[in-house]
Each structure stands twice: as C-alpha cells, then as structure tokens.
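You will see two complexes here that share chain A, one where it goes with chain B and one where it goes with chain C.
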Partner chain A sequence: MSTSIIGAAVGRVDGKLKTTGAARYAIDHPLDNVAYGAGVFSTIANGKIVRIDTAEAEKMPGVIDILHHGNADQLYRPAGQFEHSRASEARPPFEDDGVYYYGQFIAVVVANTLEQAQDAATRVKVTYAEEKPLVHLEDAPAPTGEPVANYSRGDAEAAFESAPIKIDETYITPVETHNPMEMHGTIAAWDGDKVTLYETTQGVVNHQQVMSEVLGLPLENVRVISPFCGSGFGGKLFPWPHSMVAALAARRVKRPVKVYVPRSMMFTTVGHRPYTKQRMRLGATADGKLVSIQHDVLSTTSKVDTYVEHCTSSTPMLYTCPNVKAVQHLVPLNVGTPTPMRGPGTVPGIFPLESAMDELAIRLNMDPLELRLRNYAEKDESLNLPFSGKHLREAYQIGAERFGWSKRNPKVASMRDGGLVLGWGMSTATWHAGRGGATVRVRLNADGTARASSATQDIGTGTYTVIAQVVSDKTGIPLNKIEVVLGDSSLPPGPTSGGSTATASVMPAVAGATNSVVNTLISIAQRTQGSPFYVKETQGGDPPSLKMTKGFIHAADKAPESGVPFHEILAMRRLSGIDGEAKTGPSEEMHKFSGHSFGSHFCEVTWDPGIARLRVSRWVTVMDAGRIINRKTATNQILGGVVMGIGMALLEETLYDPRNGKPLNNNYGDYLVSTNADVPAMECIFVEYPDLNLNEYGARGVGEIGLAGVASAITMAVYHATGVRVRKLPVRIEDLLGHV
Partner chain B sequence: MQSFEYRQARSPEGAIANAGEKTRFIAGGTTLVDLMKLDVERPASVIDINGLPLDRIEVSPDGGLKIGAMVRNSDLAWNANVRQRYAVLSEALLSGASPQLRNMATTGGNLLQRTRCYYFRDTNYKCNKREPGSGCSAIDGFHRIHAVLGGSEHCIATHPSDMAVAMMALEATVHTRGAKGERSIPLNDFYLLPGSTPDSENVLEPGELITHVTLPPLPQSTRSHYLKLRDRASYEFALASAAVVIRTSGGRIEFARVALGGVGTKPWRSREAEQELHGHEANERIFRAAAEAALKPAKPLRDNAFKVELAKRVIVRALENTTQTA
Partner chain C sequence: MSKPSDSETSEQENTGSRPLFGKFSRRSFLSQLGVAGLAATTAPLAHAAPAAPQAEAETAAAAVPGAAPVALKVNGQTHKLMLEPRVTLLDALREHLQLFGAKKGCDHGQCGACTVHVNGRRVNSCLSFAIMHQADEITTVEGLAQNGELHPIQAAFIEHDGYQCGYCTSGQIMSAVALLKEPIGKEDHDVREAMSGNICRCGAYNNIVAAVQHVRRSA
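== the complex of A and B ==
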C-alpha cells in the first residue's frame, strides 16, 4: 500500500471547476420554463398580519401567483423532535398570521422573471397589528424556565467560597451572522408527486428527510441535489423556510421555481450565532491549581424554535478541577432562530473560560502557559474516560517555541517595535472528535477510471479531494482518473458536513468500499481464464496472494508492474466495471474514550496608542487533530478558522434595531469580517498522532477547531498591549481609546 | 427598483439638454445603482455619461491639475502627477472602497456619493434626507458611524467620501455645465450643511453636470497626507480621517490646510485648526491645539462620542507625519 498520497498537500480535485466558474451552484442549474419567487419579508418583529393586499402586485407584468398564509397549501411541521432529522425552524413558513421576527417570510411573489418578481414583491401591502418586540437579551427579564444545561461535579460553590484566589467576571459575545459568499437558494421542480430540489446545503440526506416530512411525501419522492456549496459555516446544516416556500410555489404554479435569499435577509431568516452572556467564576490555590469552575450562561433563541448554543460543552473537560458547575438558560427573543455557526457552543463558550484563565494568571503573576500546564487534564474528568489521544502539551510546547513565547515580558505595554506596542496572547483550542455513519460506493471502470459516490457533500472544505485520495491510496489509481460524485440524495446515504465529522465519517466507508471492489477484482482475476492469476479449480493449496497497487493487480510478493492493469482484467470478462459498497457507523472503540482534538494559539497584536490602531500582526497555531489527510486543505481549514476568529474578536457584530428588530448592518459593506489586509503572517503546524480509535487512518475533522480560542488569545494580547481587558466582543476602538 | 428610462449621452450638451427634474446621470454607478435597488433613489430617467470625453487628467497652464469628471478613482490614484504632487489625494483614493469599486467609481460621482446612514438606506425608516419632514431615525437609533460635526436636529448623516476630503484640503474647484451655462464652484462652497433641508446636499441645480475638477498648484516643498482610521484595515468607511496639506520653513508652519472625513455631515474643512497652526513652530503642542480647535464645535451623541477624541488623534498624527524630517 502506497501511503504517500495520504497526508500530502494535494490541490482540490474540483479546484479548476471552481476557479473557471464551471462549478454549478444551487440556483445556477439551468432548468426550462423556470419561474422566479421573490420573498416578501416582515418589517416588524412582533405581532400579527392583519391584511395582505396583493391587488396591485397581482396586476404587475409577469406575475403568476402570490402565496401567503391566507392561501398557501399546508406545510406540515418537521418531525425533527421525534426523528433524527432536523429542520432549522419548527414553524414552517405561512403557518399562521403570526410575525415573530423581522425579515420573516410572509409571502412569495412568483413571476416570469426575477426582476418582475422583485418589483411586484415591493407592491404587496401588508398591514400589521404590531406589538413591542423584545430584541435584546439585556432588555429581557431573567429566565425562569428549566436550565438547558446543568452539569455538576464536586461542590463548586463551596470550593469557590473557600478558594484563596477568585476570578468572577462576565463575558459577552454578540450575535454573529454566517454570511457565506453563496446566498441560500433553492430551485424546486416537480414531476407529478415527486420533487427535485437544487439546493445549497451541508446535508442532502437530512434535507431530503425534512422536506419529505414538511411536504407530506414519501422519502423517495424528494431528491436533493447540491454538488457545490459556496460555504455554509453551519448556516446550511438544516433546511430553512425558503426551501419550503420554493417547493410550495413550484407545486402551485406547475413550473420550476427559483427562490434565493437576498443578502439583507441572510441576516434574518437563515440563522445566526446567538448572543451569549456568560459569568465565569474560577477559584484557585495560590500556586495556581484550579479548585472550582462555575460557568453560568444565558443565550438567546427565537420565539418559534428552541436553539441551544452549548457554551458549557468544553468547560467540564478542558482542565483538571475537582469542582465544576455549568448551567445554561435560554432567553427567547423576537429575532430569527439561531443555528450552529462554526464551532457552535465551544467557540463562544471557551472565550470566557480562556479569558478567565488569563485573568487568573495575571492575578497569580504566573505565565498563562504555565497556568494551563499546572491544570493539564490527563483524562476527561466529565466522562471519567481517557482521551483518545491528547498531545496538547506538545502543541503548547511547539507553539511556544515557534512563537518565541519565552521572550515575553508580562508587564503591560512593555514590549515594543519602534513606535508600536506589542501585545502577546495565547489560548487553548479544542473540538470534539466525532464520527457518524456513511455509505459509499466505489466503482472501477473498464476505461481505467474509478468513481466514488455518496450522498454527502463538499461545502468547500475538500471532501471531494479527500475521498479521491483514499481511493487512490487503496488502488494506486491516479487522482485525475478518479471521479467523485457527491451532493445528491439519490446516492448511497452519506454524512452531513457538520461538527467536523465528515472526513472522519466518510473515510472508513470509502476505504471499505474500495477494499470491497478490489477484493472482487482479485477474485475475478483468479477465476478468469486467460488471466495470469487464473486458479484452476483442481489446483490444490492456496492460490498466490494478490493485491492492487499503482492500478495493477499483482502478486503480493512481486512488483506492481509485474501484474496486470485492473481494466484489462475487466476487459477479459467484458465487464463495464464493478462496484464495491461499504456502510460504516460510529466507531465502537470510541465508547471507551473521550474524543477531542486540541491545539494552541499564540498571537501578537500591534498597538499604535497615538491613533488607537490595533492590528493582529503574527499568528502561530499548533493542532493536535489526529492524522492529517491533506496538508493543504487541512491547513486551509485551520487558518480559515483563525481568520474568522480575528473577525470575531475585533469586527463581527450584528446590530439589531431595538425598535423593530431589523439587523441594521445587513450587507457586506456594513457587517465587518476580516479582509486580507487584516490577516497577518500565519503559521499552522500539526502534531500528528493518528487517532486509530476513531478510524483506520486516525483522521479527525479540522473544520472548526481553528476558530476556538482565537478571540481569547486576541483579547489577552490586547490586554498585554493596552492594559484594557475587553470582556464584550468585539473589541472596539472606543474600548481602547481612553487608554494610551 | 422602479422602472426608469435609460439613455446614453453622446455629448455633455446632449446630457444636459435631456435632463429633467427627476433625471440622474450615471457614471460608475457604485452609489446610484445600489440605492436604486433599495428604492432610495427613484429616478424617472437615467442618462449614462460613460461615453463622454471627460476622462483625461491634464496639467493646467497654471501648473495645477485638471481632472475630468469621468476619470476613474483608480486611474486618478495611480496618476504619476497626482502621486508626486498631490499625495493626499492618491492616499485618500486608495484608502477608499475596494479595487473593484475604485475601477468603476469616477471623480464626479465620488463627489456626489451618498451617506451610508442605515436609516437613509431603508425606506421603512424615517429620514429627512430621503423624505423631507419625515423625521430622523438615526438620532434615537445606533449612531456610531454618524457625524459629530455639522449635524442638525434633522440629520446627522456622515458624508462618506475620502476623495472629497483630500480635495477640500487641496482647495479644489468643481466645474459644471448646466442649462444656465458653465460654473466654477470652489469645493468649499459646493457642499451644504443639512440644517433643516438635509435633502439638499450640494449647490448643483437639477440637470447640472460636473465636467471636471481643478486643483491649484502647490508651492514647492508642500507636503500632503491622508490618514484614515477605521475598525478594519481595508474596505470600510472612515470613523475619522484627516487630510493635511502643509508647508513648513525652518520648522515654522507657513500654511496648513486641514480637512476631516468620517466625522462631518460634509467633507469638513477646519479653518479653526488651520488658524491655530498658521505661523507657529511645528510641534506636538500646536498640533494638539489645532486638534482641539477643530473638534470644539463637535456635538457628539451616545454612540459616536469616541469620534471626537479619535478625530483629534488623527489630526495630530497626520500633522506629525507631514512635518517630521525624513
């Protein structure tokens, strides 16, 4: 078995399609006779629709129909709470006259062209009975409901009270909105009672299931196609109202209907990371041993569904501590329903924990890295299980060396580069190592090519490439002769691209399917007259052991080239090709372990006190994330996470107008994310220890961990440079301006 | 977007002759098309002036510069004359928008850029600039990005241009042609304060076309500089910016012009700052005095109060940068 392709820095097999514009995204698909649906979105955040006046809009040129709660066919509620499927919002669009948030889908105008539909949509007159909306957590009464997270070990309260050193601070993370380049969109095309949905989704299988529930159709009557996704960041995990609206409208007008969510409504009706307010209490001994961690979280959800941002998920396992309590409550607001965003739970949840660790280190006059080493968790104390591979100590050490951490002077504003003050920060990163089920089919074709297919999808992370690498690894067939087909629910069911699990989930099935088809081929080689490996039935003893390398079937003890190219064996039997299929599930072995990746971030900011200009200037990240399958796409994922984290720390915040719930900065100009100019020189290093408990390659996903801990590393560096501790993200110029 | 009539102008005369009350000239379209999509701009007719021969940059007989209204921001920014003699203008242009937008945006269009006020850009809000007499949603709303200088109880919308701030400091003149003939308007007299009529942003008459902008020559060894402060490093409007044109002799300031961006309801020339500087020795104390004087008229609100201090800082630094000996 050649191993060189696994771990190599392989360019994306779909890279050319994307860079040349040939890759077809959801609403790019050309369909005959397509009509266009433009949404009418609520302009209040709380109340009822009294009247929808469509008279003027109906008379506009090209208008075919206008659907709203008064005339649309029923959509059923998704069965998500009872099944494994999951929709984004329990309330389907047009269910009733209720308005629960600004930018809610309240009607759709279907017309012959996009322009006609959009123009007519502005002529739909909606009369509301408006009530005062509740838009901000800070304006809400304290929650009285049951906690949505309630973890406890030891007696955290008593241990805190008696601890010699106490940190008690509250941290806030704002609403962040995903904003992938490709906006949400759907083309729905009916054929009798079957519907095909051209989608941009992180899960074609889940999307198919939910849409069958909502439309009341047998599963096989729904097909979801999503060959490319202009990224999701979690926002495209579960179906949103526009997909249901497109299906309803297409059925009504008996034509394919295309609906996309305009950028402004990408801030309302397709999810966001919710606002969190988190009190973090740490109790420690004078020599820096944690004796108590208390994490109290408030996070927001909508009035139409319950979304929990699991901020406490990493708290009980990140450090060794005998007494831990983590409690979370939800606050429902008149905003759209939140949804997972890259690193959900852990990313906002680790911000207060890591920030408080830094505040504790300062109180103790101890190096923050040393504090983390003193509280290093050798096992997962929340599950009482060993980690399935944890090499965080090494990640700290390598990162510190590469960064030059030992040269740090902890005194505020003590390090300079000319007129600029330098601030240094570091943080721990973590994300769970998960693996789910997958079915993959691999076919070897008589023309010398291979094809792998599964109903998973590549959301821009490199799944196409990684699958091709595994097939190539097992067969020696070069990547340019391997076709990977994904993003179609009619293929064998594959995993959702979420939770950094797609790679770890799909690889075992690709490997299994490839092994299966190679075994079939070997058996054909042995049973085919004319094949050099033909084994006569009368022949005694074991036939020589065969294997497949470099595309050849050959004797295991001889060079590959001594054998026969695999397609010649297929030709001997006049076969077009043969298939192998494998279905894999979660790793059985993992029940005995706690599966997590870890990492360290080290960063530098430059602070120009005269003009209050703060920039991130240097970054070193070291990741302990199992075996790396593709160095290029993995590095891309980690550093992409850091770039997003720079935005989280310094720029991102969705501003809701308290008067009407409107996100005010609802466009790329006003909602700030990092630009290239904000991104410094970055280095990403992997400590590679295969996690063989998880899968045979030892690979874990790397989509999310890069973002975890970035914000706290930056606020720590900001403190070091400026002396200002910012506990409410993002760090703003005005937070620092008063301090020179 | 409402339906509109579209024509291409073949000559400035033709453009003016066909322009009516509800006509908009379209050049790069980077503001107009955006606002038409939002239904904020609702012209009955649009006259495309991209074909007009107004795209040249020439040295004037007096040694100044004559810039055609259709010169693209990127062409102007990278023009050798501009880079060498009017560094403040090149720096201002390159600090604005993105390369793609700068390739489209024009000199004339940039002067007429409209505000990024959230409430101006959404027809569901009250806005005296968009709909005179309807009220102002910004004063009671989020106003972190709004103006601290030149506002009124009717409007606090910030003028967004960087280029115009540099041109204020360069004492540019706007040249126009309209039904009543040609006019030359000092840029300083071109913009209007919002007062009780924030819908009137400048002195252009309906159908009047900017044909070019002239910059006077600068005395030998004059230095100029644009410094822009904002949340992120690129592709964002200024929170506070300063354009400085200054000449010193033996450490003494012979003349100085200071204009501010991101803080005013129009590109903000600060005569107060200039008076502080004039004739004085160039040092930090006098720079601070100039900054204090410039922001003395400021009327900050809850969210934009920090801009007062930020604007002072940007003035001081821009003056330092232009007076330090190399």
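== the complex of A and C ==
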C-alpha cells in the first residue's frame, strides 16, 4: 500500500464505455424477441378496484396479454422481516384489489412493440370504490402511536426551562424525489424455471434474494445482472414492484419482457424522501454553551409500510451537550412507501439542528463558526465512545481560511458586490462511517492480466476503478491489464452500494483476495522446477522471502526486475491462471469507536433585489473522510452531493394533489433539480487522516456526506443577505419578495 | 448466498438449453456482454455498435400494423426499417437499431439524455419522430469516435471525470460536441448556460464545464 496509485487522481477504468455509449444499463440489453410491458397505474390514492375492463385494450394491435390482480399468478410476500433481505414494499403488486397510493401498479399490458403497449395501457378502464385519501401531514391528526425514536440523556426539559438563552423553532423539509437519470426498469427473461433480470439496482445480491422470495424460486434460479446503474441515490437499494411485474409478465407470455417506470411514475411507485416537520429547541448559556437540545420529529410513511426517516440520528452526537432529548413519531399517508434517499435521516435531520445553531449564534451576537467550536464534541456522547477519527476542527479552519470567513460582516445585507447583496453561510456535515461484508475473487491470468470479480456494483461512485486500484497496488499490474467484473448476482456476494459503505467494505476483500492469489503464486514459484525460486524439499532452513511488485515475483530483498514476470511462472506450470478469494466482514475494531466522517461547508449567495434573483455563487467544502482512494472520483462525489443540496435548498419539492394524491409536478420540467447553470465553480478539500480502525487503507465512504449541511448553509446565507429566515424548504423567491 | 463458479462454468451448464437470446447464441451474447457490458478496462470500441442488419431483419419480420418503410441514415450507414409513424427517433435508435447510446431519461425533452445530432445540430431524439428524418444525417454517441480514436470531447470527459453514473453522459457529450460549433461566449458561465438542457443528477457539472472548456481552449 505504499504505491502512489492509492490516493491518485485516476481516471475511471470504465470511462471509455461510458463516453462511447457502450456501457449497458438495464433496459439496454439487446435481447431477441423481447416484448414490452406498459404499466397501468392507479388514479386514486385510497380505495378498491371494482372492475378492470380490458376489452378495448385487448383488441389493440400487438397486445399479447394483460395482467392484473384478477388474473396474475401469485407473488409471495418478501420475507425481509425474517431474513437479511429487504424489499421496498411488503405488499407485492397485484396482491388484491386494494389501492393505497396514486400511481400504484394495478395492471401491465404486454405487447409486441413499445408503442403498442403504451397505447393499449391507456385503453384499460378501471372503476374504483374511492375513499377520501390523506396525503398531507398537515391534514393528519396528531400521531398517537409509540415513538419510533426516543433518545434521552440528562434532563433536557428542565435544562431548557432554566437556560438563559432559548431557541424554539419548527422546520420543515418537503418530500423529495430521487429522480436518478436512469428510470427504473427491468428486462425479465425466463429459461425454464430460471429467470434472469436485467435490472437497475444498487444491490444485485439483495435483489436476487428478494426476487427468489417473491417468485417462490430457489435462490440459484434467479440471476440479477446490473453492469451499470444510472444512479440510484437510495431509490434503487431495494426491489420495487416493476421488477416483479416484469418477471410475472415474462413468465406468462413466454418471452423476455421489458418494463420501465415512466418518469411520471418515478414520483409514485419507486420511493421518495418523506416529508418531515421538526421542532428544535436549544438552550444555551450566555457565552454560547449548549445546555439542552430537544428534537421532536414527525415524518411520514405509507399506509402499507413502516419507513422511518431517522432524523434524530446525528442529534445526540454532533455537539457536546449534557441534556439531549430526541423523539420521533410516524404519520402514515396515502402516498407510496418512502425509501432512503442520499444521506437518509441525517440530511433532513441536520437541517433544523444547524439552522437553530445559526439562530442561536445570531441571538448571542457570536460568529456561527465560533459557536460550533465552543460546543465541539471531543467524543461521541451518545455512545460514550471516542471517535475513530475526528478532525473537524481542522476542516472548519481550512474552510474558513480558504473562503475568507474572517472578512464576514455579520450585519444583514451589509456585504455587497456592485448591485448584488452577498450572503455568507456555513455548516457542519457528518455521516456515519460503516463497513459490511464482502467476498471478492481475484484471478491472475497467464496472459499477464488480472481479473477481480464480486457481486457488488458501480452506481457511478467509481467502484470499478477503486477495485482495480487495489489490485494494482498489491501486484503492480497496470490498470489497463486489470479487468473488473461487477453487477452480476452469480459472482461472489458483494455489498450493496448504499450508506457510503461500499468502498470501505469491498477494499479489504479485494486486498485479501489479491494477497491470497499472490501467496499461491509464490508457492508455485517455489515448487516448480525450472523456476529461479525453486526450493528443493531436502534443503534446510527457510526459503528466501518472495514478493510481487510491478508484476514480477522476486526476492524480497532485491529489485522487482531481478525476478520473473508473474505470468511466466504460470506458463511454467501450463496454468491458465490462478484464483484467490477473500471474505471479509465488519471491522471488529470499530466496536470500540464511534465511526463518523465530518466536514464543513462555506458558501456565498448573491441576491439581486432589483429582480429578486437568488444565486449560489461560491462554495468551499472541506471533508474529513479518512483516506481518499481516488481523488478524482471522491471530489466529484462530494461536490455532486453539494449540487443535490443546492437543489434541496432552493428547488426540490414534490407536491401532491390533496384530492387524489397525484404528484402535481411529476416531471423534470416542474420538479426542478440543479442544472449546470445553477451551480458555481466549487472547491473540495480533503483533510486526510486514514481511519485505520475501519480498514487497512483507512478509507471511508464519501457518497452521502457532501449533501449533509448544504441546505442550512444556504438558508443561513440567505438570511445574511436578506434578513429572511427560511425554515421551510425549499427557499422560494416569494419568501424573499417582501424584502426586495 | 450463492457461490457459483465463474461465468464460464455457468455458460457451459446452459449450452444445451433453448437459445434464449435468439440470433445471438447464448455464448456469443454473453461474450459480447462480457466485453461491452462488463469488462470495464479493455473493451475495444468496435463493440460499441451492435450489428444493425440483424435488427433490421427482426423489425421487418414483426409486421406491425400501420408500419411504413423508413430509411434512416445513422452514423453514415443507411438502415431500412418498417416503423409506425409514432415511433420516436429515440425509440427507433434504441429498440429497432439497437443503438443504446442515446438514453431515455424522461420522454419529454426535459433531461437531454437522448440528445443526438441531426445534420450536425443537437436535438432531443425523444421529441422527434423517426419518420421525419429520412433525409437527415443522424449521429449518435456511437458514431463520434473515428477509427477507434475518441472524439476530443469524449477524451476530455474521461480526463476531467465529467460524469459519475454515466447515464446522462451520451447526451452531455452530444450537446458538448455540437456546442463547439455554436456561437456562444468564451466564459465558463456561457458553457453552463449552453449545457443546461442536459441534466446530470449526479452533479458532475463542474467537471463537465472543465471538459468542454479544455477542448474549446485547445482547439
């Protein structure tokens, strides 16, 4: 691990495939004789299907079959609650006549062409017995159920009552929709009682398991293939109904069936980040020491599943405070089931905490960065454990210097650039540092190449490249001679790409498998007559120590080039290649620590009061995220999180029609995400302290933390520019118009 | 969980079964998949474009009611297809010519993932019917590289990491290549505006701008 390839700004090994159109995503696989499935989706949010009239649709040209709850084969319920698998919805599609949300799969029309299927799907007539839906948290009665989170230390209520300075505000984060560029889609192809699913998923292993449960098949009869995933952001972690619908339909029509979820239904039947309403109470001393934090959360779920957006997860550990209480309740609505979205829990949960910290700083007439330093947590007070590595102070300091924070005049609207008012904001970022199990196989081939394989997947995070880097690091084989094969459930089981854990999970297994195959090769070199390293059995003493560097097997105390290229050793034995495999699990060492990454954001907005135009104009992010394995892809991911955060702060909100639960802005024209022109030139700096408790490379994940804290940094900057405190995201121009 | 051996073995086990993938034998399909879809390092460009004549034969055989003969000239090669007039250019490219480089992201002209060139200008192929383009020169991302040499924009996207998941990348690249000939300003903010019809949900915008500016400045 001394070579420079770890940590280098290496270009992606799949770059050529992605830039030439050759990378195959789910519905890009060219299967012959494929039929097309078009979904029919519910147009009510609550009630029952009385009748599905398919007469007209059946007569449409090219229609092969129409499946719905009245005629489809049974799907079993996923066993997730008893197994280690997880489906997105407990209720499989077509189970009964119930409708629980707008945009639920209620039928699928299978036809010879895409156009025929789509056309016929519009001719299916559905009659409902409709009941009044409940689609907004604000219309729901106060929840009476047990809390889904209930944390307490000290006496937060009493400490708040006696605190000299009090902040008590309520913050709202809206429903956000993942909207990955690639719509969810599946091609299902049966061969006897075996099914292959070309799927877009963040977890081929979990997808295989869930589909075997739902279809009632042995695990080995289901194969899930996902070589490329057009990103997921959490939305593709767990299987959704369309995959099951595709498998059912393909079995019925005895042809491969391609089903994709149209963009409009990407807002209904494949999850979202739920709405949250969060009351935050901070009590502090006059010199800015927190004495009480109280965080009360309401978040929404569906009527058929219990999904908890764990908004309180960071509250007890982010700052030092003797008295903390965090409670959360759920409100079920007639909307689709929510699902994790990038930085689940922490991202919406840190918005009120960081916003309230800024409001407290203003009340104290204190710099908001100074307030954070005064309440710096030296250990995780919720677990009473030391952090496995926390260098947040340095991240604050570097960010502040780079941004020029000391030049900030805290007075509202005091900083200007010509006719533009400048607003500056900052925030803390955090995300859990975790590691799970992984199995990886590494093969050294007689043609001088290497191959690494695992049933994990690259969702755009750079997993292909990171794996190749580790193999190269351990062997010296150049990247262009290392093939990485992922996204196929028939490979050794690898981790789900979620929770910013894939890199930390897979790297130890890649390293272990590579070490294993190199050791085997060394053993072959020592046992093969004709090899310069041949050790006669009668010889006494230990044989000279060998190692592999630059692709050579050589004496450890001599230069690599003094040895033999590895493939020549294989040739001496007439071997095509040899394999090494390693299975690794969570880090035992981490039980002694609290694992988190941290970071700081500093940003500038410009406010043009003449035309009410708000722009993000400058951004500096400093991340304390362990050792960075690939500077290029890690920087890209962090700043990609910031880009999504700009959308969260200023643009994104899914709006539902209260009459029928229809998402009103169910397209990219009305649900706005950040475009190129919404984003300024941004800077990402890493303070690099390897977290060696987590793995031998000290690498943590960087997928989520970039988004944490972005929205509160922006609303803080908006306040600084305009004097308007926005506590309900996203910031709308009409929030600011009174202050033009 | 399952621990089968490598894919060569499972392929062997299945050779006696029905040819699930039709004109592609299972072996040839999987080997093509292995190169074009899975092998992340060494795939030659020649595998980027699947053989078109097979697709043409398939379309003709399906005999779709209302289909009309349509000749499309894509990446310099003319294809004779039978298409319903309602088939979009995007779906013709993807489902009939098996050119999957142009991506479907919204079907509404809102995301730009389907961007191709029609007579050198960028268009959203999902908003255009194939039958309207019989006299046109259509270029997709598969047609950009010449004799195995990447277009400078493609190379710059790799160098500057102008993508993450890669799904919007074909459209970004087609927009960027067309942009090189468009009368837009020199500054980064000009490129940002001109590239804002192509959404990148992964947020690689800074790198996309760097890639485009790299090529513009070295031209």
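Please note the rule applied: the second predicted complex is superposed on the first by the 738 of 740 C-alpha atoms of A that agree within 3 Å, B and C clash if a C-alpha of one lies under 4 Å from a C-alpha of the other, contacts with A are read in each partner's own complex, and residues count from 1 in each chain.
Please note the rule applied: a contact is a pair of C-beta atoms (placed from the backbone, for glycine too) under 8 Å apart; a residue touches a chain by one contact, two chains touch by 3 or more.
Just so we're clear, the structure is a prediction, and the values are computed from it rather than from any experiment.
Enquirer: Considering only the touch criterion stated at the top, classify A:L737 as touching first (chain B), second (chain C), both, or neither.
Expert: First partner only.
Enquirer: In the superposed arrangement, does A:T675 touch chain B (first), chain C (second), both or neither?
Expert: both
Enquirer: Look at A:S231 in the shared chain and tell me whether it touches chain B only, chain C only, both, or neither; answer first, second, both or neither.
Expert: In the superposition, A:S231 touches chain C alone.
Enquirer: Under the stated touch criterion, which partner chain does A:A142 make contact with: chain B (first), chain C (second), both, or neither?
Expert: Neither partner.
Enquirer: If we overlay the two complexes on their shared chain A, which of chain B and chain C does A:K632 touch? Say first, second, both or neither.
Expert: A:K632 contacts chain C only, not chain B.
Enquirer: Determine, for the superposed model, which of the two partners chain B and chain C contacts more residues of chain A.
Expert: Answer, by number of touched residues of chain A: C.
Enquirer: Contacts for A:R24 in the overlay, against chain B (first) and chain C (second): which applies, first, second, both or neither?
Expert: The answer is second: A:R24 touches chain C but not chain B.
Enquirer: Once the two structures are fitted together, what part of chain A is touched by chain B and by chain C alike?
Expert: Residues 115, 669, 674-678, which sit in both footprints.
Enquirer: Which residues, counting only chain A, touch chain B once they are in their complex?
Expert: For this pair, the touching residues of chain A are 43, 115, 118-119, 122, 610-613, 615, 650-651, 655, 657, 659-660, 662, 664-665, 669-670, 672, 674-678, 732-734, 737-738.
Enquirer: For chain A, which residues count as touching chain C in their complex?
Expert: Residue positions touching the partner: 11-25, 27-33, 61-62, 112-116, 179-183, 189, 191-192, 205, 208-209, 219-220, 227-231, 233, 256, 260, 262-263, 439, 441, 443, 449, 453, 455, 458-462, 464-465, 468, 479-493, 632-633, 635-637, 639-644, 667-669, 673-679, 681-682.
Enquirer: Residue numbers of chain B touching chain A in their complex, please.
Expert: 1-3, 39, 116, 118, 122, 124, 140-142, 227, 229, 231-236, 239, 305-306, 309-310, 313-314, 316-317
Enquirer: Quick check on the complex: what are the chain C residues that touch chain A?
Expert: On the chain C side, the touching residues are 1-4, 6-7, 10, 14, 17-18, 20-24, 33-34, 36-43, 45, 47-48, 50, 58, 62, 64-66, 84, 86-87, 91, 94-95, 98-108, 110-111, 113, 140-142, 144-145, 150, 154-155, 157-159, 161, 163-170, 173, 188-189, 191-193, 195-196, 198-209.
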